[in-house]
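Presented below are the structures under discussion, each in the form of structure tokens.
Okay, so chain A shows up in both of these, paired with chain B first and chain C after.
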Partner chain A sequence: MSAAPAVPAASRVGRGLLGLWLVLPVVPLLLWAFADRWSFPALLPQEWGVRGLTEAAASGAGAALLRSTLLGAVVAVLATPLGAMAGRALASRQVPGSTAVLAVLMSPLVLPPFAVALGLDVLLLRLRVPAVLGVVVLLVVAALPYTTITMRAAYAAHDRGFEEEARLLGASRWRTVRSVQLPLLAPALAGAAFLAFLVGWSDYVVTLLIGGGRLTTLPLVLASAASATGNDSQVAVLSLTSVLPPVALLAVVTLLGRRGRR
Partner chain B sequence: MTGGSLQLTGLTRVHHAGQPPALDDFSLDVPAGSCVAVLGPSGSGKSTVLRLTAGLDEPTAGTVRVDGVDLAGVVPERRGMAMVFQRPLLFPHLTVRDNVAFADRVRGVPRKVARQRAEDFLELVQLGGYGGRPVRALSGGQEQRVALARALAAEPRVLLLDEAFSALDAALREEMHQLLADLRMRLDPTILLVTHDHAEADALADTVAVLDAGRLRQQGQMRSLYARPASLVVSRLLGGRTEVRGVVRDGRHESPLGALDLPEQVPDGPAVLVVRHEAVRVTGSADPAADVVGTVVRARRRGLRALVTVEVVGAGGEATVEAELEPGSDAPTGRPVGLRLPVEARWVVPVEGAAGEPARPPAGASGMRRDRSG
Partner chain C sequence: MSARRHADRRARGTALVAGLLALTGCSAPASEPTTATARDWEDVLAEAEGQTVRLWMYGGDDKGNAYVDDVLAPAAAELGVTLERVPIADTGDAVNRVLSERQADVTDGEVDLVWLNGENFATGQQAGAWLCGWTSMLPSMEYVDPDDPLVSTDFGLDVAGCEAPWHKAQFALVYDEARVEDPPGSVEELLAWIEEHPGRFTYPAPPDFTGSVFVRQVLYAVSGGVGEVPLEFSAEAYDELAPELFDRLAELEPALWREGSSYPQELGELDQLYADGQVDFTMTYGPATLPDLVAEGTFPATTRVLLVEDGTIGNASFLAVPATSGSQAGAMVVADLALSPEQQFQKARPEVWGQYTVLDPQRLPGEFRERFAGLPQSEVVPPYEELSDGADPEVDAGWVTALDEGWRRQIAAG
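Coming up: the complex of A and B.
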């Protein structure tokens, strides 16, 4: 008798703990962001203010935010369709040696990015590939495992009968992609694009080594601020700036996915 | 809307080089406005017939013609076909109405007109007022009705049904058969359907083509197929249960059942006698009009009518005959009975090539016999 109500109660407690686990690290960040003075052992900042914000703005955080967003978006736009095509081909089981192909596509996950970036840096310099282009290409490759895996699973669960039915009802190949395949795969595509965006958005190593400092993204600004001392509120503001947009994006993607499922 | 005529000629499809063809030199005529069924067990190549007709797969050889026009190289969307699959395949991101309006929409019909027409077709499948619902809110039978409405709304010259009703329970299937008969009266479409169920083929189709292992085995009206199957394969597919091996000599089939007259002249030689269990009459063992006398070894209830297996011991061995009893009558295991096999219900088919095939009856039945004699 008592077991039945205990289950939702336990589930509620679990969800609460999970929420706490995710939100708790943000709390000191929020406090630091608006603390002009907060020295040990005070529990709360002694002086509140917006010095962190102004310092962050002065360090070029606004332009870096824009560049990071753009980089994430470009990586997502390139890696998602590529991943979708690879995923579709791999799910169709018509690729000879598909296990080997998959292994190659997955390799960026197991190779240390530092080593890869350092090695490729030389190659890209020799080939006279522009730094920004080099960053984009490498990040697209780094994002491909995520988009491919996501889309392969989606295509494996996708019934091609829907497309055959649409064709027989008079839809051209392209119209079938647009009116049937894309809507049915939209949640998976959004998920894949989100992961690819994160790869571009949060990258540090590739942007630093290949970009050679010419592409100043948010992680670079954040890292340089964090490596200095005495500007904790600026670092807090920069950290929040890099955390909040992906969270907002995730919320949007989740909402869209839920609406699509209904 | 009136359907076009469909001619399949010499259709052959080899899925993978080196393998036996899934469909081998298949020809079929579907006159305009008729309904033709392709009947076959699973893996017989019957779905391949539809996929080749619809252009979803390319034939290795052979042609598909609609109203005399060869459709080779014509993409599926330009063939004027619509197909209802066993899975309803309703687009989950569209409402019921927009699913039915899909064909019109991709043809460029304005949304408002397309939706109005969709409502008309939903009315036709008795789902008026369901247009605004999401497809997830439908039951299995309703889903298949919507799929049918969606296919009809495309105004196909040929409507293809791929086991469209097989996933439904018996009562719903019956309803769909009624609905399809109704739609045929109103719209006069040309229908090519495939099924594994001879009762469904009988209920829906004007003529039937029996397919097995990729080859056309027999073609004609269901009545004549039931009475005159061309082979054991066809007889079994049509639910035939009695097979008695013997030899034809001077127009009579000689077997443990005795020498039985045949309705038509057939050449001498080994042959298997087949008799529909519906045609056999079970009488008393002393009935002077009985063609054979045997013992009931198995009785199965099927509603009011029971199906009995009667074992007959005669010259040169034993044989079993299946018979359907009169409604309400009963024949317990072990009872001696007489069987009347009307001459017009007897038919012989060639002995199957597979010589090692075990002859009926199965091992269980002979065990029972030994018990009784001991």
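Coming up: the complex of A and C.
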């Protein structure tokens, strides 16, 4: 952000506080991650070290990180175009009963995932759906509300005149999508994909119940480590591992968004 | 501080889920247990060759994870069985998975072996989720005393050949010799000690696994001994015995740490209070980990286990094979391997995991009897025989739930 002189001091203070609010919870995590011993009432760890790191590595965090990344990416790749199509249709007001359709698409937001996963588990097992496929399908459905809402708003603000112009100038349908629609909607698409990625990245219940232990992702490793006591440094390392990639991704998405706005 | 927990904790939620499953109206599967056909062990070994066994176990215990990955799995590989560990936060998750698979008539499920006991075993048993009648086939069972109540029943429920013993646990009260000059000799004396030394004792709030055991230990004491408590739960027995227990605990409250206005939410917090010298006692269901905690300086060097004349509660944990498993032969081979003297000895070594064996020393070959006897002795923890002298059995899972709930209503809210 260019430090525009127009930004009033109050706003800068506000931003600073907001940043602090977001960063502060990470500070104890960082301390714990490198604390081999930190007991009450010491203000700072008494012994520094990398035991948390080695323990986290031993618990299979590396492989789990890969699996989580892959799962998040697959969910994003599937849920983003689906959400874009639904969003475009809903924004065009050409869908009969669009409110009802929207309500159905939004329903995963209000249904507790635990109940859904538990109910569908038996059904998917009866249908002999492979565990990993079941996880992906359910997570894509869970991600659809986010991608649909994001893309519906984007399409509502999107001027179709640009597309018509391009078509009038002789661009093919595909070329219009590629050269006009996608660049205009890139920031929204990136945002939607980011949200969908997060759904796959952070899921616990569906991965555990439907995945049947086939898919040991980061949240699963983290939860089983956190359910014990005395693991604090390992849990801190695992938590940071879960928090940092989305933050990095968010930075990329924000950058993309800013470039899109120019 | 190293992780020290038990597979048997965190059973809550399973029963609720089982109830939910019933409510969803899915046709209830036959609740009769599936019984394994008796056959030659050579047969089982031959079928197991090349199978993959997925062992679902509580993943919060680093030493336990390392034991399975580095000791048990390589030994299983030598028998041609691939052992995969599935870490879970709550053993109930495995039971839920098995119940779902059973409803869907799956015959090649994802769970081949579960480390469990107590409520989780009972819930699965109710739904006929476990394979039964197979433990008698295991060659290693010859080293297990069939009359040992700790391994023939699981929280009051007959094991009935539906799970193979894995290791034993013994509840122990732990104190700092340097700070407690007159260690009490019984649970009653401990209660008196607490009142004479206000603020120096507390216990984790049930349903924390260890706090819950402590409450049961007090129940035995105020009821006049374990003999006075019917192990099978009934509302009448509860109404008769529980008021005295909760009256006593309420009476005790002002003498606890922070006058009982707050309790440690889990054992780890109590351990921390003890390590920091804020209280003089802690407690554990896995005393074999104590020497390590002392050695690494987490606990003071003067930490000792309190031996009480009424004996403390002991239990065993087990390995169960789901009826839905497609690798049952492989699972049995792993369960047998885990029960073999060599594996039980490795698991008992404090540097490996430090879990008490379920084998009867009298039945072991002489060589192993010596090896077990040669396990490092510690000043901190007396040997298992002494520790488990006059061990009390666990009450059944119904008691556990009722007492935890009663504690919440009368002590936490009172």
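Operating definition for what follows: the second predicted complex is superposed on the first by the 255 of 262 C-alpha atoms of A that agree within 3 Å, B and C clash if a C-alpha of one lies under 4 Å from a C-alpha of the other, contacts with A are read in each partner's own complex, and residues count from 1 in each chain.
Methods note: a contact is a pair of C-beta atoms (placed from the backbone, for glycine too) under 8 Å apart; a residue touches a chain by one contact, two chains touch by 3 or more.
This one's a predicted model, so the numbers in the text were calculated from it and none came from an experiment.
J.: Just from the overlay, do chain B and chain C fit on chain A, or is there a clash?
T.: Fit.
J.: State whether A:P25 touches chain B only (first), chain C only (second), both chains, or neither.
T.: A:P25 sits against neither chain B nor chain C.
J.: Between chain B and chain C, whom does A:S179 touch in the aligned arrangement: first, second, both, or neither?
T.: Touch partner of A:S179: chain B, not chain C.
J.: Put simply, what angle do chain B and chain C open at chain A, by C-alpha centres, to the nearest 10°?
T.: Seen from the centre of chain A, the opening angle is 160 degrees.
J.: Between chain B (first) and chain C (second), which does A:G16 come into contact with in this model arrangement: first, second, both, or neither?
T.: neither
J.: Is A:E164 in contact with chain B, with chain C, with both, or with neither (first, second, both, neither)?
T.: Only chain B; A:E164 stays clear of chain C.
J.: Mind working out whether A:L209 is in touch with chain B, chain C, both or neither, as first, second, both or neither?
T.: second
J.: First (chain B), second (chain C), both or neither: which does A:S224 touch?
T.: second
J.: Between chain B and chain C, pick out the one touching the greater number of residues of chain A.
T.: C
J.: Please give the nearest C-alpha separation between chain B and chain C in the three-chain superposition, to the whole Å.
T.: Here the least C-alpha separation of chain B and chain C stands at 48 Å.
J.: In the complex of these two chains, what residues of chain A are touching chain B?
T.: 159, 161-162, 164-173, 175, 179-180, 183-184, 260, 262
J.: For a test of understanding, state which residues of chain C touch chain A in their complex under the given definition.
T.: 1-5, 10, 17, 20-21, 24, 26, 54, 56, 58-62, 65-66, 86-90, 93, 96-97, 100-101, 103-106, 109-111, 266-269, 271-273, 275-276, 278, 297-298
J.: Across the complex, what residues on chain A touch chain C?
T.: On the chain A side, the touching residues are 37, 39-41, 55, 58-60, 115, 118-119, 121-123, 125-126, 131, 208-209, 212-214, 216, 220-221, 223-231, 234.
J.: Please name which positions on chain B make contact with chain A in the complex.
T.: 54, 56, 75-77, 79, 81-83, 85, 87, 89, 91-93, 102-103, 105-107, 134, 150-151, 154, 160
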